[in-house]
Structures are given as structure tokens and as C-alpha cells.
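Across the two complexes that follow, chain A remains constant while its partner is chain B and subsequently chain C.
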Partner chain A sequence: MVKFEYLEPTSLKEACALLDQHPDDAKIIAGGTALIIWMRMRLLNPRLVISLEKIPDFNYIRYDDKDGLRIGAGARHREIELAPAVRSHYPLLHETFRKVAQPRIRNMGTVGGNLCQGDPLTDPGASLMALDAEVTLTHSKGKRTLALEKFFVDYYQTDLQPGEILTEIHLPPSIKPLGWSHIKFTPRSVEDFATVGVALTLRAQKDTCEDIRLALNSVAPTILRAKRAENVLRGKKISDGLLREMGETAATEVDPMDDNRGSAEYKRDMVKVLVRRAAQEALQRISLQL
Partner chain B sequence: MAKTETFSVVGQRVNRVEGYDKVTGGAKYVADIVLPGMLVGRILRSPYPHAKIVKIDTRKAEKLRGVKAVVTAEDTIKQGWGAFFPDQYPLSVGKVRYVGEEVAAVAAIDQDIAEEALGMIDIEWEELPAVFDPEQAMKEGAPLIHEGKERNIAMTLDVERGNIERAFAESELIVEDTFESTPQWHCAIETIGSVAECSPSGKYTIYMNTQTLFMARYRIAAALGVRETDVRIIQSAVGGGFGGKSCDDNNAIVCALLARKSCKPVNIINTREEEFLAGSRPRVNMNIWAKMGFKKDGRIRAKQLRIIADNGAYSGKAPAIAGVAALRHDTCYKYSDVKTQAYLVYTNKIPTGAFRGFGNPSAEWAVEQIMDKAAHNLGIDPLDLARMNAADPGYVSPHGNRVTSCELRQCIDLVEKMMDWKGKRAQKKPNRGLGLACTVHVSGKRHFGDYDGGSATIKVNEDGKALILSGEGEVGQGAATAMCQIAAEELGLPLEDVEISRADTDMTTFCLGAFGSRVTYVGGNAVKDAASKVKQQLLDTAAEMLEARQEDLAAANGKIFVRGSETRSVTVAQLARARLFRRGGAPIVASGSFDADSVLQDATRYGNESGAYNFGCQAAEVEVDPETGQVKVLKYVAASDCGTVINPIGAEGQAEGSVAQGLGYALIEGLKMEDGRPVNPNFSDYRIPSMRDMPPLEHAFADSYEPTGPFGAKGLGELGMDPTAAVISNAIFDAAGIRIKTLPITPEKVLKALKAVSNQEPTRKVKLKADG
Partner chain C sequence: MKRFVALKVNGEEYDIDIEPNRLLLHALREDVGLTGTKEGCSIGVCGACSVIVDGKLVSSCLTLALACQGKEITTIEGLAKDGRLHPLQQAFLEYGGFQCGVCTPGQIMAAKALLDANPNPTEEEVKEWMSGNLCRCTGYYKILEAVMAAAHNKISSDFQVKHERKTAKIQSLNVYKDS
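Showing the complex of A and B:
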């Protein structure tokens, strides 16, 4: 690892100012579970590393029935996994964060760091998207909010602009009853990245799908919403055939790569199967058996 | 058959003797060893799979501030070295043969400077055509990797016993198929590393995490061109070996070269990427064509193998590994007529080497699937087929292996019971299936200058504690604890009164080291011999002190006492002091040795290779997801015959760890190469099973006693990983009617095979017939 300077600002303002002063050679570090690996591999060689560790109240997890859930970007995977509000109002998130890597990583890595890395293989983004998350991006002159699905731009690329820090993740209030499912398909090892990741939420009245969100990870340059697949089901009378069709449509929206977890073709096939299974599980959760 | 013998320390569930230091972080692994003034060494590795080195210019690197030494082949004697063939060099001479090969090295005051200096070494390369596939490499006109090795063949083996043609003619069922294994890495938690210093008079002291100290000394001295006594190897704590730390790599030699040139201590600790690239030598990958003939009742009549083994760029231990793959399994079942041919072929890839199982897992992956196919074709329960053919005590294999103790049938019985085999078979559920395989392994092997032995020294200190001086080494496998238990049992001491030294070539007598499942059996026998000699000295002195006849004396609980009147006793501490602190006094100390009753294989590879053979049987129940191809192991059972179990906690760990490594081999592992470059040399891309991936595992030890072993013990460490891949494949066949013939068995391969079956075969029955 190339030598670097390490700074620990004690306020967000100070952190933003530092980023402004060093537009080209500074990197933000939170848990470090991704950045350190890249630095060790010399893929990134920042001269300055700015830690967010000392910024007060940067890892809050607050729930309000009207406002929904607000998560400080510095919250660690493990903190989100175990937060009572998350468990009771967003079981999909609890389930997802429970599956991130293993406890050693979950105790270090932060949700903000995870999203900013823009790694399509990781789990949290898809579930957050399926829950309509938006992110707050703060810079020295103010802040903006953005739907999470617009935040991911390309392979390891996000919409984060120079000088910006991701500071908060917001989810609208939880809807009940909400059918949900999270499938992390890891045939090599439960500690592996997903070969295919599926996060799905849906609401149904009798046997008609009122609304649905389907997000996928590990199958395209970014974590993505499979909107055409959603539309197959949205507003329709749910049937086995329609679930299959949704899976097949989702498979046309992805753009997987050959890698150690499988060929692109195999991953596409698995999208078909797992999207259908995710929908079936979500329906079971709201007691809709087909 | 078990011998009724009661032990006081042997067979007890005891904690590791070195465990407290390890779990409290006190154990000194090689990266914890810091000597005053120590430099950091880094290695410049070949970026090409096959290339000539036209010119190396190190002048810029040498001038960098903080660099204390730069070495290339010019600093070596340019003599080849290697376990069997002297075909590799500490630093490339003239050309490189794989990506990762050591070309030059730097010692500097810190890692950053050392790495910066590596980038300043100018090398002019001339790329050569490379060959990566052994079958291609064997073709006329393929690029030649080593001068004089025509068609890149490093070694061939061709053995026939009996009359194979007649045996096949007399067979009533013939099954044949081709299987391909996978290049598997040891993935020990600690990478290979060394700390070396060189005294002004030219004596090297090397701290290293090797599992074979004296063999390391032999090879390092040869590579450096010095005498063995000029090299002292001290073993650090070792974070796992599995064969990968048996000194076939160049880490320690390069470290010693840098220490000599810089006149300072130097360390080189492999990064994980280096460990994959050129550290622990991975399992020899094999393509195996196997053909077996059976009588209608299931008896094996004939067996023929043709093995193409991928040696990689240099040979290391691969010649012996190919031999094991070719011959070893013929000790598991009763064979009469066998033929086996093996070709060990050079390719421009990382050299291969020793890995738990040593050729056996690749061979059993093939042969045990042929057995399973035969069972299905004959309509015999695979368990009954194994039982019918299982080796017995007294069996002599076609290659001369003489079986002493053997409880293979008992292992099969145990597996049947633990798995509820018959019950589950009677109530088969869709997509679920059962598979099993049997295995054999050695307890040491005679192939080092007609030697299959070990030695140890025990001294009794003035406080009555015994210290074992042994050069076998502890690599995390539990050898130190087993040896302390054996010595304590023989001496009548409580375990806490026995210690074992660290392995050090200057302080201990010659030992071959930790490989070939030999340490408990061979090393343990040497310790037992030393202990019995020490005990004689204790009895001599006790007889004088107690004024009793020696034959009336016994040892227990740290005392020697007169049988029948146990109050007439003297402690071992009193004896040690009494024998020493007197006119003409002497310490209590003795050396013991053992050489197994094995036979060096002759030119035709005939000869009883080991003093004792260990056996095992394993079975799995799996569920195949028909839509994803994912294989879930629902339950795994294993039974091992390792004779007397010295420390059940350690033995269970060995057995369970073996299965974990075997499941990795079966289902997920393998380094992928593109044009000779590894594409997944890290733990994110190369996965091994984690604790949470393990299925429910039940294990049992057969009731067994090896008459030539220390208190009846024989080897265990490798046995459990040998049959696992075949077990899984056989279970998948039972579950889904498909047979995967290349490792690892990925869900993608399974799904493809399932689709092929559903497109082709209307019913499973047809598939079975076509199989024959």
C-alpha cells in the first residue's frame, strides 16, 4: 500500500471542506472493508484518506410512522441488521443485512460506504431499492436527495459528485401487509458474493398485484430495478404462468458477466427461476397461495 | 481387531499442548519473528508463462536509498534442485517457465522501498510459445519446456500385474469412463514465509513455517551449494500445512540469498496472491481414464488406469504423487489383475506438489465412481459391492502392499448405520440420493533412500519433567500432543509432565517431517522407543534406591513403585536428581528410533510401501435442486480406521477438516487460468467452504489396533479427504441420474446435465443401460 495521509474531521462541514480542498487526491473512508482492499491492490492510491469515524451521530437508525426510516450513512451493516425498528418494520432489510458477508465484515462495513462503492455484487442496494430508498448527498454548499435507483450509474460508478458525501438513506414508512423476499443465491459458499441476488416487495388485494418492486444484484454493471418484469405483474391477476413470465422478462433486463460464480447464460437462467421463487415466497408471506 | 489394553493418557480427550499459546495469541508464527536490523525481502516474479531472459539490469534498483541487496541468478550456483528431479532454480536461469516464477529479489529497510526497487529492475524478455494443456504438451512439435524432456514428459509409469487382457475377457461387466479433477490449493490460514540470517562465517539460520525441516535443510543446502550443517532450520509456529509447506518452493532459498548478500536478517512473507501464484504447490491435476471388469456377483476382476497428470513447470513431488494415483487404491479392495499407465507432463503453469491425499483424491474420484456405476449396472447396493470387495487383514495388493490391521468392513458397517443407508434407500425421495466411497492411505512411505523411519530423544529434567526433542514438527495437525501422550503413557507420567521441543535441525536428530500421514505412526514409534529406553534408566536407578528387583517395579503417576507395596515408591524427579547429582552422575536421556517394516519399491514399483495402512468409508445424502442445479449435502457420515485413537479431539478435527477440504474439492474449488495466468488468486474469487457451509457431519472411529503402531495407532491425516469428491458425485447420480465427470461439480454443470437427460432420456432405466 502506498503511503497516505489520514485525517479524521470531527464534523460533516469539516469533512466537506477537506474534500473541496483536495478534489483529486482524497478518498473518504468509513468502515474500510472495500477501500483498503483496493488500496492494497493499488487500484486506488489516494494521497489523503478522510475518515468519517469521528463525525458525531453519523450512524443513527430512526423510525417514525409518518416519516419512515432514516439511516445515517455511517451505520454499520451489523447495526442495521440488529436495529429493533428495522426488524419490526422492514424485515426485508433485516434479512438482507443478516446475509452480508460474515460478522467480521458486518461489524466494520457501513451502509454508506457500501452504496458509494457502487459494487453490483453486494446485497444492501437491491433491498433498499425494493423499499423505495432515497439517498441524501451532502456537500459544502448544501445537499440533494436522489432515488437510490438513480444513484447507481455503472460498474463501480455512482452519481456521487466531487465534494459530495453520502450522508443519509431514507425509506418511506413501511406498508403492511407487504409481501417480500430476499434471495441471495450463493452455491459456492454462504460467505460468497451472490451469484444472483433478488429483492422483491409486493402488495396484493385478493389475487391481484397492486404494486411491486423487483431489484436485482450481481447480474448487471449496476444493481438494478427490473421494471418491465414488475409491469408483467403490476395490476394483474396473479397466476403461476404470470410469475414465470415475470421471471423470463426479468432475464431480458439483466446483463450478467461470466465469472467464477458462473457463466452469463447460467446467471440469466437463474434470474428466471429465482425471480419466480422470490415472488412465490413474497405471496406466501401475505398468505396468498397460488 | 481391537486389543484389550488399558491406557491412562493415550485415548484421553486432551487439549493441545501448544494450544494455550495459540489461542492467547502468544504463539510465534513466522511473521511474528523480528530480528534486530531485519530487512524486508520481496520477489520479482515472471509476468510471462514462458520467456527467455535476454538481460537483467539491477543497477537502478541497487542505487535506491534503503535497498540493501538485489539478487538474481548471478548470485546463485545455478544448480537445479528439487525433491525428485533437480529441474528448478532458486532464481530463473536464462528463462522462465510459468507466471509467478522467481526472477530476482530485493531486500530493503521496508516493504515500500523493496517493492519500489522491484519496479526498477529492468528485464529484457523474449516471449516463447507456451503450452498449458498436458495433452497438447505431449504432442510432437509442442513448445519444449525443459531441454531433454521430449514431448514434455517428466515421467512415465507403466505397470501390469497378472494378465489384464485375460482378466477383462473373463469379466462379465466392464465399466469405463474418463474423469478430470481440479487444481486445488491448500489455502492454509498462514502463507509461506521465512526469516533468514547468515553469520559472517557462513552459517545460515532460517526460521520457517515448513512441515518438513530436515528435507527443507537438504534441499536448501543443495540449492545454496553448502553442506547441510551450514543450514540450521528452526520451525516457527505453523498455521496449517496440508502438504503445501513441504519445501518445494523457493521462498526460504531466496530469503537466504538476500541475507547472505545484505549481511542482515531478512524476511519474506508471501502475500496471499503470491501464495496462489508460486507458494504452496497445488494438487497435481489429473485426467484419468479408468476401466474395470467385474464378475456378475460383483467381485472385481480387472482394473486399468491411464493417467495424464499436469506437472506444471517444475516437478517437486509430482512424480511420487502420480505414482500414488496410479497404484495406491489397489490396496483398498481385493485386486488381482491390474494395469496402470501414468504420464507426468510439464506445462507452463504453476508447479504442482504435495497436498493432503497425495494423488489419492484424484484417483479415488475416478475409481470410486466406476465402482458406483458397476453397482448400479449390476443391481447391487453400492454398499454391498464395497463390502464384498473390501481388503482384509493379511491382504497383499498386486503391488506388494501387505495389509496388517484393516477394519474397512467395520467402517462400511458404521457408515451404513450412521446414514440409515438401507432405510433411506428403501424410501427414496425425489431429487434426493445417497452415495458412498471407500479409501485407503498409508502411514508413512518408504522412498527416501530406503528409509521409512524416525527418531527422537527424550531427556528427564531435574524436576521430573520429560522433554521430547523431535524434529518431526507441529504444523497444526496435533502431532506434538500425540507424541507427548505417547511418551507420558510409556513413562507413567501425567501429560502435564511431558513437554516437546520445537523442531530445530541443530537440536534434534533426523526426522522426515509431517507428510504421508506418518508422524503419529513413525514419529510416535520413535518417541515410544526413546521413552522405553528412558524408562529403563529410571528403573535402573529406582531398583537401586528402592532396593527392589527391576521386574517388581512399575511406573504410574510420575512415580516408580514396587508392585504390591505401592508406598515403596520414588518420584521421577527424585530419580532424575539422584542419578545426576552423584559421583559419576549422568542425566536421564535416551534416543529412540524406528524404521517401518516396509519395502522400497523396485523398478516395477513393487514393494510394501508402508508399515501400516489406514482405511475409511464415507457416505453422503444430497438433494439436487432441479431448477438451479445446486447440490445440497443434507448429511455426511464418515468412518475411519486409524488404529488406536491417541487424542480423540485431535483425530476428530483431522477427520472433519478432511471432509471439509474434500467437499471444497468436490463442489467449489479450483484455480482458473487464462493463458497461464491465474484469474482467481484470492479468497474472494477462490472460495473454500466456511464453517457455515458444512453439512451436518457424523464421524466414527473403527474399533481397531495396529500391531506395529505406537499403542496400536496408525495414520489418519489424509484419509478423510481422499474419497469425498466421489461420494458426492455418486450421491448426485443416485438423486438425479446424472454423472458429473469433471471437478468441481458446479450447479451450472449439474443443470446442464439435467437438461441433457430430460431432452434425451425418457426414463432413468435407459440411462442406466447406456451407462455400461
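Showing the complex of A and C:
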């Protein structure tokens, strides 16, 4: 790891000012679980590392029936996993965060750090996307809000601009009954990255699908929303055949890579199967059996 | 540029002079001089470097030492008190929870963090919690057994006494002279 200076600003304002002063050679550190590995591998060699740990009230998790859920970007995976509001209003998030790596890493890694790393293999982004998350990006002159699905640009590249810090994740209120499913498919052990990850939410009236969100991780350069697959089901009368068609459509929207977790072909085939299973599970959760 | 840092490890203050890029793992082993914490994978996966910082289990290989100023750090060396082993240490000995021992400090620190928060875990909870601590020799069953034994106080009360007698006996043979 190269040598660097290390600063711990005690306000967001101070952190943004530091980023402005060091446009090319500073990096933000939150939990450190990704950044330190990259620095040790000398993939990133910042001259200045700015820690967000001393910024007060940066890890809040607040729920309001009208406003929904607001998560401070500094919240650790473990805090989100265990937050009572998350358990009761967003069981999909609870289920997802408890599958990220293992408890020790969940004690360290933050949700903001996870999203800003832009790693398509990680789990939280897909479930947050399936719940219509938007992120707030703050800079010294103000802030902007962006739908999470627009935030991921390419492998490890996000829409975060120089001088910006991701500060908050917002989810709209949870509308019940909401069918949901999270599948983290790993042929190796659970704490590994997924071979294919599927996050799905849907609402149905009688046997008609009113709305659906489907997001996938580990199968493209970014975590992505499979909109064409969603459209197969949205507004339609749900049938086994249609679920199958949705899986097949999703498989045409992904662009997986051969690696030690499986060949691209295998991953694409698993997308077909797992998307269908995720929809079936979501339907079961709202007691719509097919 | 080096910075002067006070680290509080196992209740004692250590003043060390370190570069900001110094990892907690290396600060503990090389600057503080406590080598019980081990380095395995260096990327947060194996758990050999597990320590407890302000009550939370973390990988010291992914933690900057500077970020730990003012925090309470507990390492494997902080567990035995007044010559008495911590129940977890005794359980690992009694139940054969290790072979080569390189993963053991991390296993025990992970188990300690769990039992501190949840003194009565189920086997499933122990398995899930310990999934980030890899062991390449023991087979996980004996580790699980040791943790459950410590949790349910199934460790023998005279272990320490017998152990001390055994050690005293060996020493009385005078084979290894203490200089």
C-alpha cells in the first residue's frame, strides 16, 4: 500500500471541501472493506484518504409511514440487517443484508461504500433497486437525487462526480401486500459473491400483476434492472407460461462473464430458472399460488 | 509522514509512531508486539486476524490503525485473566477445537464477540456467525462443539488445576532450565 495522508473531517461540509481541494488524489474511506483491498493491490494509490467515520449522525436508519425509509450512507450492513424498521417494513432488505459476506464484514462495510464501489457482484444494490431506491449525492454547493438504477454506469463506475459524496439512500413507503423474493445463488459457500443474484418485488390484484421490479446482480457490468422482463408480466394475467417467458426475456438482458463462479452460458441459463423461481416465491408470499 | 498514536489494547495504552497506511493487524503485531493475532488471507475472508474493536468483531487486516485511536481493542492476549484461561480458550483445549492453531485466535475472538452479544446461541446461530472464520485442519465440528461447550458451561472445573499440576510436574523434571 502506498503512503498517504489520513484525515477525519467532523462534518459533511468539511469533507466536501477537502474533496474540492484534492480533485485528483483523494479517496473517501468508509468501512474500508473494499478500498483497503484495492490499495493493498495498488489498484488505487491516493495521496489523501478521507474518513467519514467522525461525521455525526451519518448512519441513521429512519422510517416514516408517509416518507418511507431513509438510511444514512454510513450505516453498516449489519445495522441495516438488524434494524427493526427494516425487518418489519422491508423484509426483502433484511433478507438481503443478512446474506452479504459474513457478520464480521457486515460489521465493517457501509451501504454507501458498497454502492459507490459499483461492484456488480455485490448484493445490496439489486434489492434496493427492486424497492425503487434513490440516492442523494452531496457536494459543497448542494445536492442532487438520482434513481439508483441510473447510478451504476459500468464495472466499478458510478455516476458519482468529483467532489460528490453519497450521503443518503431513500426508499418510498412500503405498500402492502408486496410480494418479494431474494435469491443469492452460489455453488460455493454462502459468504462468497453470488453466481447469479435476483431481487424481485411485485404487487398483484386477483391473478393480475399490477406492478413489478426485477433487478439482477453478478450477470452484467453493473447491477441492472431487467425492464423488458418486467414488461412481460406487468398488467398481465399471471400464468406459468408467462413466468417462464419472463425468465427467458431476462436472460436476453444480461451480459455475464465466464469466471470461477460459472461460465457465461451457465449464468444465463440460471437467470432463466431463478427469475421464474423468484416470481413464484413472491407470489406465494402474497398467497397467490399458481 | 509518521504520526504519534495511542492505541488502547486489552486495557493498556500503547504509544506508537506509525504511518497512516499502517493496518491495525501490523500495528498490533509489529508495533505493539502482540503476535497472537494472525494474518491469513489479508482480504477479509479468512478471519485469522479477527479482533474486537469497541465491542464489534472486525478484520484487523482491513482496518487502519489510525482509525482506532480512542477505541477499545481486544485481542486474544486480553482473554486470560490472572493466569486463568478464558472459558472459550479452555473449551477449545478440552474439545480439541484446533490442530495447527493458526486460525484459533480468530476463531476464539469471533466466538467471544458472539457470546458477549448473545450468551445462549443456538448451533445454527454459531454456524452462521462463524462462517467468516476458516479453518483448514480441524473440521468445523469440533470448533462448534467448543463454542457450544463454553456457552453452556460444559467445561471442567478442575481443568486449570490439573493443567497447572501437569506443567509443574514437567518443570520439576528440570529438563528445561529457566535462565
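In this section, the second predicted complex is superposed on the first by the 290 of 290 C-alpha atoms of A that agree within 3 Å, B and C clash if a C-alpha of one lies under 4 Å from a C-alpha of the other, contacts with A are read in each partner's own complex, and residues count from 1 in each chain.
We adopt the following convention: a residue touches a chain if its C-beta (ideal position, glycine included) is under 8 Å from a C-beta of that chain, and two chains touch if they have at least 3 such contacts.
As the structure is a computational prediction, the values presented were derived from the model and not from experiment.
Partners chain B and chain C clash in the overlay (superposition on chain A).
Legend: residue contacts after superposition of the two complexes on their common chain; A:2 is shown touching both chain B and chain C. By the document's definition of touching, both partners, chain B and chain C, reach A:190.
Once the two structures are superposed, chain B and chain C can be ranked by residues of chain A touched, with C on top. Residue contacts after overlaying the shared chain place A:273 against chain B, while chain C stays out of touching range. After overlaying the two complexes on the shared chain, residue contacts for A:82 are found with neither chain B nor chain C. Once chain A of one complex is fitted onto chain A of the other, the partner contacts of A:102 extend to both chain B and chain C. Once the two complexes are laid over each other on the shared chain, residue contacts for A:53 go to chain C alone; chain B is not touched. By the touch criterion defined above, A:32 reaches chain C but does not reach chain B. Comparing which residues of chain A touch chain B with which touch chain C, the overlap comprises 2-3, 102, 189-191. Against chain A, the residues of chain B that register as touching in their complex are 112, 627-630, 667-668, 672, 679-680, 684-690, 692-693, 746-748, 751. Interface residues of chain C facing chain A in the complex, by the touch rule stated above, are 1, 19-21, 23, 42-45, 47, 50, 56-59, 61-64, 66-67, 110, 128-129, 131-132. By the touch criterion given at the top, residues 1-6, 8, 29, 32-33, 36-37, 39-40, 49, 51, 53, 101-105, 107-108, 189-191 of chain A touch chain C in their complex.
By the touch criterion given at the top, residues 2-3, 102, 185, 187-193, 259-260, 262-263, 266, 269-270, 273-274 of chain A touch chain B in their complex.
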